[in-house]
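In the two complexes that follow, chain A is the common piece, with chain B as its partner first and chain C second.
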Partner chain A sequence: MTMKKSYGLIAAFDSTPALFRACEQVRDAGYTRWDATTPFHVHGLDAAMGMRRSKVPRFSLAGGVAGFITGMSMIWFVDAFDYPLIVGGKPYFSPMFAFPVSYELTILFTAFATIGGMFLLNKLPMHYHPLMKAPQFVRAMDDRFYVVIEAADPKFHAAQTRALLAQAGGQDIAELEE
Partner chain B sequence: MTAPAATHSPAAAPAPTAALAGKFLVAGLVGLALTAAGFFLAHDSAGVALSYLVGISYWSAVVIGMLMLVLIHHIFDAGWSVVIRRQFEHGLAAFPWLFVLFLPLLASAWLKPGLIWPWMDLSHELHGGHTVGTDPLYLKKASFLNVKMFTAMTVGFFAVWIWLSARLRKASFTQDADGDKKWTFMSRKTAAFGIPLNALALTFAAIYWMKSLEYHWFSTMYGVWFFSNCIRAALAFGVVITVWLYQRGDYKGIYNTNQFHCLTALAFAFVVFWAYITFSQYFLIWNANVPEETFWYNIRESGDWWWIGMLLLFGHFFVPFLFWLVYRNKATRAPALKISLWIAAIILVDICYNVLPALKDHHGVPQPFFSVNLLWVLTSVVGIGGICGWAYLRSFARTKLIPIRDPRIVESLTYHEATAP
Partner chain C sequence: MSSHIEPAGHPLLAEVNPVAIPRQELVHHGRDFHWITEKVCGIVEAKTPVWWWWCFGVAAFVASFTVAGLIYLVGTGVGVWGHANPVNWAWDIVNFVFWIGIGHAGTLISAILCLLRQKWRTSINRASEAMTIFAVVCAGIFPVFHVGRVWMAWYLFPIPNANYIWQNFRSPLEWDVFAVSTYGTVSVLFWYVGLLPDLGTMRDRFTAAGNLLKARLYGFFAMGWRGSNRHWANYEMAYLILAGVATPLVLSVHTIVSFDFAVSLIPGWHTTIFPPYFVAGAIFSGFGMVMTLMLPLRAIYRLEDLITQYHIDCMCKITLATGTMVGYAYAMEFFIAWYGANPYEGFAFINRAFGHYAWAYWIMITCNVITPQFFWSRRVRENTTLVWILSIFVNVGMWFERFVIIVTSLARDFLPSSWGYYSPSIVEIFTFFGTFGVFSVLFLLFIRFVPIMPMSEVKAVIPQADPHGTGH
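What follows is the complex of A and B.
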């Protein structure tokens, strides 16, 4: 059996401060396709990794605007255009009575867009990830911290990236297969 | 945590504020003196008295909101807001002074009944010829709407507020010295019965002080409307005070983007809550179309009040809502401060919108918003606000900047939310 295509390099760290420093160095070196794997939530790691704010709110906003317009135009179309009908002595169309429904649809569509946008951006559900079959993964769920830099990163260079990880204090640096 | 600014540590007493407190006191006394002069010298003393009611309702709303936020903090055993809570506790020092400043209104109820609240004068003539005393809509409500009840209830509201405030302040300030956890538990108990008590007090206060000005009217939303303004006002002043403390240097190294974003996010949520309540009140009345209810809005569509209604719709909801949809405007101090100051101002307009049109001429037409009464509103707001600011600063100078021995102080100081960069 031949070695498959390389996914990237993995380096281990024994403590969160070491991981923080390593992440800051990888971030400052300009890598974009890389990740840190920790057994628990590490506050502030997103900043150390230079992560930008999530783009999910943009999906939410689009969903909300679409929901509001849907509600307003649907009620106008049904009550004032397609089949004009007087209800309770009110005008055929008024934003007053269209508002509660439009507001509910704003919330509904915002929720759908938020959930959908989140799955689109985080690429879940993901049934396979090269890290899952790596032997290090067991420790990543227990007591060790890892940084993985993908070979697909434009700045990736087998020797230089390995040197960077070593210099950042990474231990047991190994290659991951795709 | 980074080290706090070099000049003083957070545990030390805050930098002196005596000079500033003096300025607030002078501004307050000048404002009150001008309002009093207006009341005794102006042609229309009812307009001045009603403007003063606007001022006292406005500042009561701010402090009631602060009380509610402290109670909510304790009932949820919250962590993030510990470093902010102390400022609200100082704000609660204004309650006794607000009571003192309310006394002239109580005196007017006994000495000149009907000057402010028309139902206090049974011989007050209504539009159409008959009097309050023969009005079936008054007689049905007479056991509730009479001067004795009004006086007893108002004293009761302030008793509730002053008592709850005293308990919360004592617990928090004593804990600074002895660090005993029992004070936290005591405050949680205060919160458990204090939230319903405060909810009842603020609802009835809104009904007695403002809504009863037009006692024919019905609205089940009124108390919630006032509550939403109370919380929005307290959060707006929370932003103003904490930004001021940050810029002064007190909060450097204590107050971070995460706690600040939580505060503004809460304020943002209440922008929507206010809109929900205010729209619901309008929508239900519009939909039911019953004259006993619609007249209230009809009055507020005459003259320049129509434009004030539009200003509230856009200025009280859309402007802060759209600005605060953007994360940067919530997490950055400069834009959040501007929006908060705007909200603090527009809440005053909202209270004017609810109170001032009660002052009608013989044809039932309300005096316009842009009238001399606006001047008295401003002198009242400066007068009462000056006293409230002075009370805050006096309390501020006496204690630590933050509750240094609160069990959750470390959690609050190191508070971090995953969404912030």
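What follows is the complex of A and C.
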């Protein structure tokens, strides 16, 4: 019988305060490749896990700048460069009348960049994950909270990590298969 | 704040404490996480109720009027509508502005109230955003078909074409093309991002129940969401930024819609009050529609624990506030028409109130200025049936507002020789009537297949969600 490769250890928690304290302990124990799974975003858990601020805003800024430049340059190109046409004696190009469309395109591009950035940073779509075939997972998006420590973590040690999770109040500690 | 202020000598001040007002409960009866999941998912998982089929049948029948109206229009020509000089913008633009305005409440709830940290938005957020999207769909029908030769509607977008013609970006109508299409797109994106975690929940429940087809389907759209906190951090940031850009977007959309009128020189249109007045009116009408939709939904699905009296109070108060702003704008328009001493402007407003279309003007005033004032009374707000009836009046009133603005100004412009009177043709009436069916069909499909409340957001606002155990 061949034993499948272990992905890591999973521990369940019944309440947000229990999860919060456990995450602080795992963080303080120096683990890096681990995660918490929650049915909703638990306020303040990012700090308890020692996570840094999200990088999504960089994508948003890039998208917004690109959108604004696209709007202005497109309007300049079509109305002042490619086919200049006098309408109502107004100038071929002015940032004033080009503004509303550029403004809308700024928002449009920002929205796409924000969502694209979020998917990229989260490595989604990812329709398979070791966690998903665990029987516990059905409650992960419902009412239970989990901490998963990966076997790939340099500090991972089957017995010691299990002890840490148990001591942090974790229940139903189990091994996840790759 | 108060800790930095030294008491100004009087000993009594040291004893003054701010009043601790208890926070309103957003979910009644101490419901827990699992109850919320069961309640919201149960609606989608249950067998299709009989009333749903009846409603769907009626809605589809009503929607066929739009289809028939449009087929006749395309087959014959835009002359089948009642438009004639000088009233070349009529029901089509009225209906466009009406529907697009309705959408605005959804974005207000999902974006502006998110930035303002109004947690009561969570339980009505998803359905209101769906309403926004479907309202934009209905709105889009009218200008697209009003161009006459609808197969050339793509000329609205700067796509290179054989005639070597580009769009005139000095025109507010072209701004509107970008505003409305951006609005529709961003609304869909925002709605979809909000759906991700709930689609994940649905996927896992269908997997556990052994329904692999639905598990695949919901799983496909859930994109493999697994509730990871490292994902949540990016997700929350993305959601916040989307709320941050949707806020100026929604304000700009109705501002630009109002530019369609305000940038022209027609008396009654050429006023600077239009942008804020249109935005307030849009939110007013949208909240009317939110209540028209949510109150029956709450009764049918017994959602009283999730959409509480507090939620209804909040919606009524926003309706009251925006309705009062609209009333103020009506008064201010009249004042400026007199104070501006422009005879054409003055005439336009006297004509609105006492001319051929006075009946429409007074319907508008009754529905938009008087109706919301009932919401001052708590007893009215606690009578759900009455709130629902009043919300219908708001919808009617806001349709008439657009009718009054558009038609009265055009029917009586500068030259008396070109004055006219506009009445809609039966084709226009059918087409507009049918859009309520289009909207209802889409909304019924939504409540059948999509969790009608963002479970992950509702769970996050109940006391158990607080990791420090203090309750909020």
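In this section, the second predicted complex is superposed on the first by the 148 of 178 C-alpha atoms of A that agree within 3 Å, B and C clash if a C-alpha of one lies under 4 Å from a C-alpha of the other, contacts with A are read in each partner's own complex, and residues count from 1 in each chain.
One rule holds for everything that comes next: contacts are C-beta pairs under 8 Å (C-beta built on N, C-alpha and C of every residue); 3 or more make two chains touch, one makes a residue touch a chain.
Worth saying up front: this structure is predicted, and the values here are computed from it rather than measured.
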Query raised in the report: For the overlay on chain A, clash or fit between chain B and chain C?
Result: clash
Report task. Could you say whether A:G89 touches chain B, chain C, both of them, or neither, answering first, second, both or neither? Result -> first
Query raised in the report: After lining up the shared chain so the two structures overlap, which partner does A:M51 touch, if you call chain B first and chain C second: first, second, both or neither?
Result: both
Requested in this report: Figure out whether A:F137 sits in contact with chain B (first) or chain C (second), or with both, or with neither.
Outcome: second
Requested in this report: Would you sort A:E175 into first (chain B), second (chain C), both or neither based on which partner it touches?
Outcome: neither
Requested in this report: Have a look at where A:T38 lands relative to chain B and chain C in the superposition and call it first, second, both or neither.
Outcome: second
Report task. Report for A:F20: first if it touches chain B alone, second if chain C alone, otherwise both or neither. Result -> second
Report task. Tell me which partner A:D153 touches in the superposition: chain B (first), chain C (second), both or neither. Result -> neither
Query raised in the report: Which listed stretch of chain B (241-249, 349-357 or 385-393) steric-clashes with chain C in the superposition?
Result: 241-249
Report summary line: Residues on chain A touched by both chain B and chain C 41, 43-44, 46, 51, 53-54, 57, 88, 90, 97, 100
Report summary line: In their shared complex, chain B is touched by residues of chain A numbered 41, 43-44, 46-47, 51-54, 57, 61, 88-90, 96-97, 99-100
Requested in this report: Could you pull out which chain C residues touch chain A in their complex?
Outcome: 32-34, 37, 158, 164-170, 172, 174-175, 178-179, 182, 185-186, 189-190, 193, 197, 200-201, 204-205, 207-208, 219-220, 223-238, 241-242, 245-246, 248-249, 252, 256, 259, 455-457, 459-460, 464-469
Query raised in the report: For chain B, which residues count as touching chain A in their complex?
Result: 279, 282-283, 286-287, 289, 325, 327, 414, 416, 418-419, 421
**Report entry** chain A - residues contacting chain C, complex
**Finding:** 15-17, 19-20, 35-46, 48-49, 51, 53-57, 60, 64, 74-75, 78-79, 82-83, 85, 87-88, 90, 97-98, 100-101, 103-105, 107-108, 110-112, 114-115, 117-119, 121-122, 124-129, 131-132, 137-138, 140-143
